[in-house]
Every structure is written in C-alpha cells, then in structure tokens.
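I'd like to ask you about the structure that follows.
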Amino acid sequence: MKQEIHVGIIGAGRIGRLHAAHLMHRIEGARLTAISDVRLEAAQECADQLGIPGVFQDHRRILDDPQVQAVVICSSTDTHASLIAEAAAAGKHIFCEKPIALELKRIDEALAAVEAAGVKLQVGFNRRFDANFRRIWELIREGTLGDIHMLRITSRDPAPPPIDYVKVSGGIFLDMMIHDFDMVRYLAGDEAEKVFAVGAVRIDPEIGRAGDIDTAVVTLQFADGCLATIDNSRRAVYGYDQRVEAFGSKGMVNAENEVPTRLRLSTGEGVREDLPLYFFVERYTESYLAEMRAFMDCIRDDTEPPVTGQDARVPVVMGKAARLSYEQNRPVALSEIQ
Amino acid sequence: MKQEIHVGIIGAGRIGRLHAAHLMHRIEGARLTAISDVRLEAAQECADQLGIPGVFQDHRRILDDPQVQAVVICSSTDTHASLIAEAAAAGKHIFCEKPIALELKRIDEALAAVEAAGVKLQVGFNRRFDANFRRIWELIREGTLGDIHMLRITSRDPAPPPIDYVKVSGGIFLDMMIHDFDMVRYLAGDEAEKVFAVGAVRIDPEIGRAGDIDTAVVTLQFADGCLATIDNSRRAVYGYDQRVEAFGSKGMVNAENEVPTRLRLSTGEGVREDLPLYFFVERYTESYLAEMRAFMDCIRDDTEPPVTGQDARVPVVMGKAARLSYEQNRPVALSEIQ
Amino acid sequence: MKQEIHVGIIGAGRIGRLHAAHLMHRIEGARLTAISDVRLEAAQECADQLGIPGVFQDHRRILDDPQVQAVVICSSTDTHASLIAEAAAAGKHIFCEKPIALELKRIDEALAAVEAAGVKLQVGFNRRFDANFRRIWELIREGTLGDIHMLRITSRDPAPPPIDYVKVSGGIFLDMMIHDFDMVRYLAGDEAEKVFAVGAVRIDPEIGRAGDIDTAVVTLQFADGCLATIDNSRRAVYGYDQRVEAFGSKGMVNAENEVPTRLRLSTGEGVREDLPLYFFVERYTESYLAEMRAFMDCIRDDTEPPVTGQDARVPVVMGKAARLSYEQNRPVALSEIQ
Amino acid sequence: MKQEIHVGIIGAGRIGRLHAAHLMHRIEGARLTAISDVRLEAAQECADQLGIPGVFQDHRRILDDPQVQAVVICSSTDTHASLIAEAAAAGKHIFCEKPIALELKRIDEALAAVEAAGVKLQVGFNRRFDANFRRIWELIREGTLGDIHMLRITSRDPAPPPIDYVKVSGGIFLDMMIHDFDMVRYLAGDEAEKVFAVGAVRIDPEIGRAGDIDTAVVTLQFADGCLATIDNSRRAVYGYDQRVEAFGSKGMVNAENEVPTRLRLSTGEGVREDLPLYFFVERYTESYLAEMRAFMDCIRDDTEPPVTGQDARVPVVMGKAARLSYEQNRPVALSEIQ
C-alpha cells in the first residue's frame, strides 16, 4: 500500500464535498482526517455522511494539527490567498481551487509565502486531467499534429449562476474563461502575447446590469504565430459544451462532448443521440480524481506539482487583459497587465 | 468523346424512366434512341420529358432497329426471360433488371439464349456499384480485413409495397432479399452452402394473408466457415436502412446509412441527425448510374459484364432455399434446389 | 448514512478482487469484513491491498460468522452450486457469479436450497446494469420502439482465453454467449422458444481440438414473433465489441461501443477514433458497481433481486439448446432441454 | 418541359467547364449554345467534349447573338467587371463568378450598368446552395435555434494555390475568406459592423514573401450582438475542411464535412472514417448545379436572383476591412471602407 498522507479540507461547499468523497474512498494513500467550514453545520453534515473524524469551524484547527501534511482549500475565492499564506506558514502542502485571487498583488503575496515556506502548491485546473484534453496534449507533444497553427476552445455552461454570484465572480473572463485560458496555455505549451475580446449580453439582462457579459469570444496570438479562439456562453440549452480543437501542419484533433450513453435512437423524427453530461460535476468527475491523485503523488515523490503557482497567475493576467480588451475594443498585450 | 452506343429501353415504369434519364444525360457514350412500353402513353410521357426520339408500344420495333446495339429491360418481371431470349436472338446486348424470372427453368432458358447468341447480359444488381459496398469489397479483396468470419446485411424498406404487388412478387425472399443474397455472394466471393430462414408477419396482416411474411432473418454458411446473416423488414419507420458489416481476422468494417445532410442539431431534447435517404431512388442514384456506365463500357471494350447471368441465377436459388427453410423450419442446402 | 450490511467474499480471483474493491470503497452501506480463497495467499494479498480485516482459506469461516449477512461467490464455476447451498443453509443472502452450474440438475438443487432457506439470490449478469443496455430496456418498456420485431446482439472478445480454460469452460455457448442469452431475455421481456446455432473454428485450431468453436451465430424465435440474432467471436482485433440493436414498429435503437476518449484525429490517413474499451473490466466497471449496489439494496429493502434464480437457469438452457442445435444442425426448441 | 433559355459561357477554365457540363446535361430548360475563351483551344476542347455548337475566341460573338438570353462569366477576375458591363449593355442576364472585382469602384460601375440595363445579375456564391448550409439557414429562419448568439465558420483548403496565383489573388481575405464572409452574412441575415483579423504565415514562406498570409482568424460583431468567427488555412493535410456552427438561445447546429463513403473501419490501430471530399469540385458539385438552376429559374420566372449585386459587393468590403484590421492590428468598422 502507498504511504498515507494526512489531509484536511477547508471549505465544505459543493467542490469541497466532492474532493472529500474522493479523498475518503477513491484515492489510495490519502487519509482525510478533518474538514472545516465557517458554517460548522456544513462541515458536520459532510463529515457525517463520509465518516471524516475531525470537524471544525476554524480552519486553524486543521493547520495546527502536526499530523496533517496537506490541505485542500475549497472556501470562497476571497479567502484563498490568505489561507494559502497561513497554510504555507504552517508548513502544509497546498491544493487550492482556482483562482487564488482576482488581484495579482494578492496572488503574488500568496505565491511568495509558498516559496518562502518551501511547500508545494497545486491549483485546481482540473480540466488538464481530463482524458480527452490530456490526450490532445500528448498528440501535440508527440508531434502527431505537427506545428500547431490554430487552437479552438468552446466552453459553454448549461445555465448561468445566480445573479448574486455573478456580481462577485470577477466577471466572465476571470470566473468562467479562466479555465479556458489555462487550457490554451497547457495545449500551446507557450504564452499568449495578445488578446482580443468581444462580448455581449444575450442571455439575461440582469447579467448586463451587474456589469458583466454572458457571451464572449476571445482571440489569442502566440509568439510562434499560433492563433487561438475561445468562446464562452453562460447558457447552452443542450447542456455543458466542452470541446477543444487543435489544428496543425500534420493534422487536426477534435474532442467531442462526453455523453451518458452511446445510444443512437432512430425514429420517424430523426436519429437522436444523448445530450452531453450535464455540468462539471458529471463531466469532470474523473479529472477531479486524477488531479487529487497527482497532488498526493507529488507530495509523496517530492516532485513539482503538475499545475504550479505560475499556472495560477497567468490565467488571471489573461482574464484581465481580455476584460480590458473588451472594454476598450482593442487588442491588448499581456505585458500591459501588471 | 467515347464511341456512341445506341440503346433502347423496354418498359417505362419507375426504373425504366430512371435509366432513361441517366442514359440521355449522364452517361457519356450512350445514345438512347427509343423507349417502348405496353402502355404507350407511359413511353410517350417519358420520351416527351427527356426528348427520346423513338416511342413504341411494341418492343419489337426496338429489336428490329439494326442501329440499336443494346437494350435495357425494365418491364415487369414475368416478361424478363422471354424478352432476354428475343433480344439475344436479335443480337442485342442486354441489361435486364432483376430477377430474370422466379423459375429456374425460365432463367436457364434465357441464359442459354444469351449464350447461343454470344451477346452480353448484365443483371441489375445495382448495389454492387454503391461506393460504400464497393469499398467493402475492395477492403476484403485487399486483405485489410483478413479472413472473413462474419458478414451482416441489414436491408429494411421504409414502407411495404401495395398488397397487389406483394401477391405477385414471389415473396420477400425472392423480391426483397434477393438483393442481399447478391450482396453476400459479392462480398464473400464464394457461394453459400446452407441457408436457414426464420420470419414473421409483424407489419401488416394482409401480407400474411397473401402468403408472405414481412420480417425475416436468414443465416448462411459458406464452405470456408464464413457465417452470414441477413435481416429484412418491409417497414422501418426511420427510412431505408441499408447497412453492411464485414468482420474478419484483421478488422471489421461497417457501412452506415447515407444521409441528406451531415448536420447535428443539439437542442434541449437531444442531439439529432438526419434520417437515411428515403428509398432506393434517392439512396442508389449513383449506383444506378455506375452500373449503366459499366454496361456501356463492357460493350465498348468487349469485356465480361460485372454482373453475369450466373449472378442472376444463384440469388434465385438462395431465395428458394430460404423460402423452403422458412416453410420447413430447417436449414436447407442450396444443392437441394433444382 | 445507509444501514450497513456485512459482506464476505468467497474467491479472490480477478472478479473477486474487483467486487472487493467496490465493496470496500464505492458502495455506500456495504461493509466488507472478510475474504476467503482456497489459495490463502490470494485472499491475503487482496486483503492487504484493500484493508479487509478477515482473511481465510476456508469459506466456512465466513459462513460461520453470525455478523455476515451476505456472501459474494466468485470462486470457480464448479463450486458455485454447492457454495450456494451451503450459504443458503447458513442463512446468508447470496450474490453468485454466473453461471451457477453447467448442469441443470445442480442449478435446480441450488435454487431449491435458496428457496428452502428463504434467502435472496442474485446472479452476476452485470450487463443488465450497463447504462446503455438499461436505457434500451427502458425505451422498449416505455413503448418508444413500439412492438419489437428484431433484436441483435454482438459480443466479441478482444482475445480468446487460455486453452486450458476453454477446455473446462462448458463451450462458447455456456461460457461466453450466456451473457447474451441473458441480455436477449432481458430486452425481449419474454422467453425464446427456438434456437438455431451455426459456428466455426476460425481463430485458433486448438479451440477446435478442445471440442469447442470460436465463432458462432445464433438465431432465436420468440413466441410473439420477435426474431433475434446473437453473434460471438473469441477475437476481435479491434477490442471488446459489445453492441446491441433493437428494432421495432416505432423505431430502432443502437448501442455503440464505449470508448476511452471522444477524440477524432484527422490526418492525411483518415479520420480516426478510439478503439472500444479493452475488455470487460474496463467496459463494465460501472455495471459491476451498479449490480452490487442493487444487491445491497434488495437486502436492505427486502425486495426481490433484479436478477433471480430463474434468470440464472434459463440462459443455461439456452446455451445447451444452442450447442445441440450446432451439433445436429437443426433448430432446437428450448422445451427439448431438460 | 420547361421553357428553354439559351446560354453562353465566357471562359473555359476549370469552373467554366464545370458549368458547361451542368448546363449541357443536368439543368432542365437550359440550352448551352456557345462558349468562348481568349485561348480558343480551351473553348474548342470543352465544346468538343460536350458537344457545344458555338465556339469563339471573342466573347462578343456570344453577346451579339440575339438568341442568347444569359451569359455565365467564368473568365479571370480582372475581366469580370467589364464583361458584366458589356453583357448588361447587350441586354443579357448575367451569372458571374465571384468576385466581381477587387476594387469597390469597379464593382459599383458594374452594378450600375446592370441596374441601368434592367438585367438580372447573380453572383457565384455557390455554398449558399449546399444542402447542409441551406438547412442551417432554414433552421435559423424557422426559429429552431432561437436568437443566434455565435456563428463559426471553418474553411480550410487541402493545399495552397500556385504562388503565381497567390500574387494576383487579392490576398487570403478577398480570395478565400470571401466565401465565408458571404456565408456569415447569409446565415446571420444581417450585416457585420466590425471586423478584427489576425493571421500568420505558417504553411509556406513564399506566401509571406508575396505579401499574403496563409492562416487567418477573423472575429465579426453584428448589430444585434451576434458574434462570429471565421478561420482559414491554405492547407489542411486531411483535406477540404468546410464546417459551420450556429449557436443560439434554443440550440446549436453543426455541419460536419461531407465524405465519400460512410464506412467505419475498425482494426487494431483504431476506428477509421473517410477523409472529407477532396476539394471544392467534389464537395460542392450539387451546389454548383443548384445555383445554376436557380439562375435559370429567376430568368424564367422573372424573380430576383438569390444572390444579388449587393451580395457581391459587401464581402469585398468585409475582405478589405479584414485586411486593414490585420495590417493595423485593430478592429475595423465596415463603415471605414469606402
């Protein structure tokens, strides 16, 4: 059996509960010993359901436990940066949900704290661990596609989040497209130089009144000439649309959506297939598992996490550049964003 | 330009008109000079529409024309054998729609007449000329699939023919499955030894009262151990279902149905694709063209027709064996059929 | 949390280890307390890996434990019937891998023991729990497909088992096609009346020398006129081929193979998709989980198991009828098999 | 039979020969009486092959023929505008290949001549007549997709044209993407307001030395908030890639590429499907036919052509705006282009 790593989770919301269930039962060598939440009853309910021994309101109880080697931060975004700093100071390895913060200064402080403490930090860009996108990454790295000329990422949610969430989300570029910015960097293996963003309010005028948009298309230019487009919509009536295309000098690869069954139903009306898996919990279950296994492995083997602090920072820069581009209706160089 | 071959058509029904249109406009080197039909007005209407110069009630007017080198027989099945004999006696090359006759004796007489006259005879098993099935044939011949272990043919019509047609059709095995018997021979490149047929009346009790069935599954065994199944239905509500699968030691190939567009429509209800092309006229247009081009070529080049008299005879034997198997509920050897 | 059911596993081979992993971690309300194997080291290794407290060579140690409510029998086929009888006598609910036995008399004795003891017996026809096939079952039950006219099951393994296994397997009809016999009954919701089987040795002459065949096609007739075909091959070079088609008066449904990714790779060579998931462990992981959850539920809720003793018996009858049909080259009525 | 319209073709290059073959044989009611080419032997060869009676070096011989009602202009682009003016002056209805000219002034002069003469002008944006794209247009018009939020057009050639052609082509935006500009207008049913273009030389440095690019991505914004992207590549190794996606409030539709067969070949290497039809002649055969039939119909019925002079002009404006955007690296309003 693998050497056990004691883990605590901070934050018992939807994603915290998901990681908790995985860490309890499906990740060999992980031992989830405690969970905390500012709403104690949330932590309690999760602990009862899964049988987690430690339940706290105050996350410091987890950080103070010398047996805990690693923490998984799933609290609200505004707490990420300070929790990272605290956890680093306590000598814990850190897995943190994205984004670390919406302000670069706070991100940099968090990364500095991690650096100073010499602990590991992995950020929750789980989609890199999806079997489809990982395979595209491999096809690119193996050279099967030749030089990459164009990348295309489609990322559309089945339904917009509550308007109260939209208001504090940081906007579509930092809240939703940030995953796609990570994906485009991951696949390109390079940094974008310029971003051009267009957008519109097409789904819900409330989103517009909150100062945000719900539909966006971004074009990116990379140093080597690679061009990329990302499109986002807050509502695709047919469900969670998560497709990627990479086009290169030797070929193209497309990742189609994952579906619950492989049935084809032919009636007088047409030939019908299943809609995509409904949303991220269904679509990315395996990638959430894989990222957490990778986090455990990098602690155990003392290797670099597969998603680093820099990987946490750059997509925020890209999101800010995209927002600026959208506002000023001009291409924006990433170097403009400090 | 290719050397012109003067052609006459006997029979101005649906399939006769289809061949007429092709011969007038889409087959280089063919010159359609006359059409006849026992219903003169049918021939006249077709001739008017396409501009065919000669129009007759009596097909002998075509056979008597020394300029006509070839005839295309599209009249009712019961006339095929005697028309072949007449045309052969007149020294015309012959393209005849399937089947030549429902009785082996009459087929043999017709083939003997062709043999005696030294003319060419091609039979209208057009599906061999479909791009999909032709490519499967090639994949088998090239060895891409290795030894063929199993063949599977699905052939389902969108709607049953009129009951008056059913009554004189010869039954599902000789009227409908005969195309599939030809296909399985074509693909296997070998003769079946035994046939086992099951069937049922599931679509229209009238078909049962006419002594026929509307749903059938046939299993065939070939000398080399290859196993094949054919299934037929007189009504698939989703349209004309024409699929073939070949499974061998090195791989499998499937021919899916042809569709009018390649659209995928995703709504809240599901992902929808087009139904198959509706029926044989739509589905096999190109194969009707290709078979007629091949007929013109074999005359011009003095080569053997790609579908021979023997190819016309064996499927009738298979159909009779299948009928006997169905009636006696036992496997029947093709050698039992005289 | 669900009420816990204490479970023991008898047999620590491949399928036993698979159920053990599921029962330890992925089935809420199951508590795996012991595992036994005649090869003690096999049980020990599995227990060590998963942390199962009880490890025995003698399965009676499990049956004697009054806390154990249910046993999962994964030992070799020849032990199934007697273990069922023993477990029933000990008052344990029983999950048994298929088949119970190759002889009907032994099956009947086992079922009688279960009946006498009033315990539950579920048989491991896991494919019924696959999301694809379950959905086909629903579409049929809901009436979406109308009356079912034809069923088609393709079941091909990626590679034949070792020849020593083939020799004691009971033959392709009882060892491999038995799953398909179960599936056809499950989907048809009815019993077949007649079976006709053809087969051949195409893959490995050793299989022929062992008195078995490696390629088989079976036609089944149901009372209501539904026709079904099943084809099996011991080796499909492209992997585990598990497809089902149901054709009815209102439509058709096809279950295509499950694949590891949804990528389409376009190069100068063609457009390429993934091969099917390699074999049953990969393909049916979720269905193994689902059947075990259903077993736990039927104990907890005191309901009838979703796969009953009768469901265990009939496919053996079908397999014997198919073998007889193959040997005598004639259709065999199920009623002939005693 | 339909009333016959006498037609002459000016220009016997590839596209001229294609229209000639269609007009001779496959378009009921068209009578192709003459063809001209500045290279007389090109016209002669085409006429010989197809049996066109009139063959000229000087197109005025066609324009002077009072029986000719319509001309089809397939000569080199630089001659289109003056030929339109001449043909209009001669009172002929005009079908002209795209583009009319690369300069707006010349286009406007040609359109004015057409206007003054009261003849019909249809421009050769054939892709509108493709069954796939036409069906998308219908789905949008019928409201099946709801409000359109995003359009996406992928248009990639199998191989770049000769470098000498590239040099006089007007550049990728006016030579290649012009078809996509037409398509996006056709589908959106609206005019774009702003264009942003990025591009690169990735395929052949010679193209760069000729002042052009070979890879381009354009983003368009429409008045109603609809966002569109078009991507072009001069070389997709897997063949002619012609896909369209429309995403709206009620659904999405995707047009996949057309393929020569519907085969799926499964071997140990993967599951392989056919590459797309190789290039425009193969891919758009039916749409070339359909546009010409529509042209004949609009003359016969005295209705407006389905692709008008305005439809010829706007894509040139869009191409110029895209070029300016690319050069200045900023979004360009279409209103900037005079």
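Before moving on, here are some points about what is shown:
The chains carry the letters A, B, C and D, assigned in the order they are written, with residues numbered from 1 in each.
Going forward, a residue touches a chain if its C-beta (ideal position, glycine included) is under 8 Å from a C-beta of that chain, and two chains touch if they have at least 3 such contacts.
From a predicted model like this one, the values you see are computed outputs, not experimental measurements.
Contact count check for C-D and A-D (C-beta pairs in contact): higher for A-D. In terms of the distance between Cα centroids, subunit C is separated most widely from D. Each chain gets one centre point, the mean of its Cα atoms, and the points for subunit A and subunit C are 39 Å apart.
Inter-chain centre distance (subunit C to subunit D, centres taken as mean C-alpha positions): 58 Å.
Averaging Cα coordinates per chain places subunit A and subunit D 43 Å apart. Multi-chain contact residues of subunit C (touching two or more other chains): 236-238, 250-252, 266-268. Touching subunit B in their complex are the following residues of subunit C: 146-147, 149-150, 152, 156, 194, 196, 198-203, 215-217, 219, 221, 225-227, 229, 231, 233, 235-238, 241, 247, 249-252, 329-331. The touching residues of subunit C, when paired with subunit D in their complex, are 236-238, 266-275. Subunit C meets subunit A in the complex at residues 1, 25-26, 48-49, 51, 131-132, 135-136, 139, 144, 250-268.
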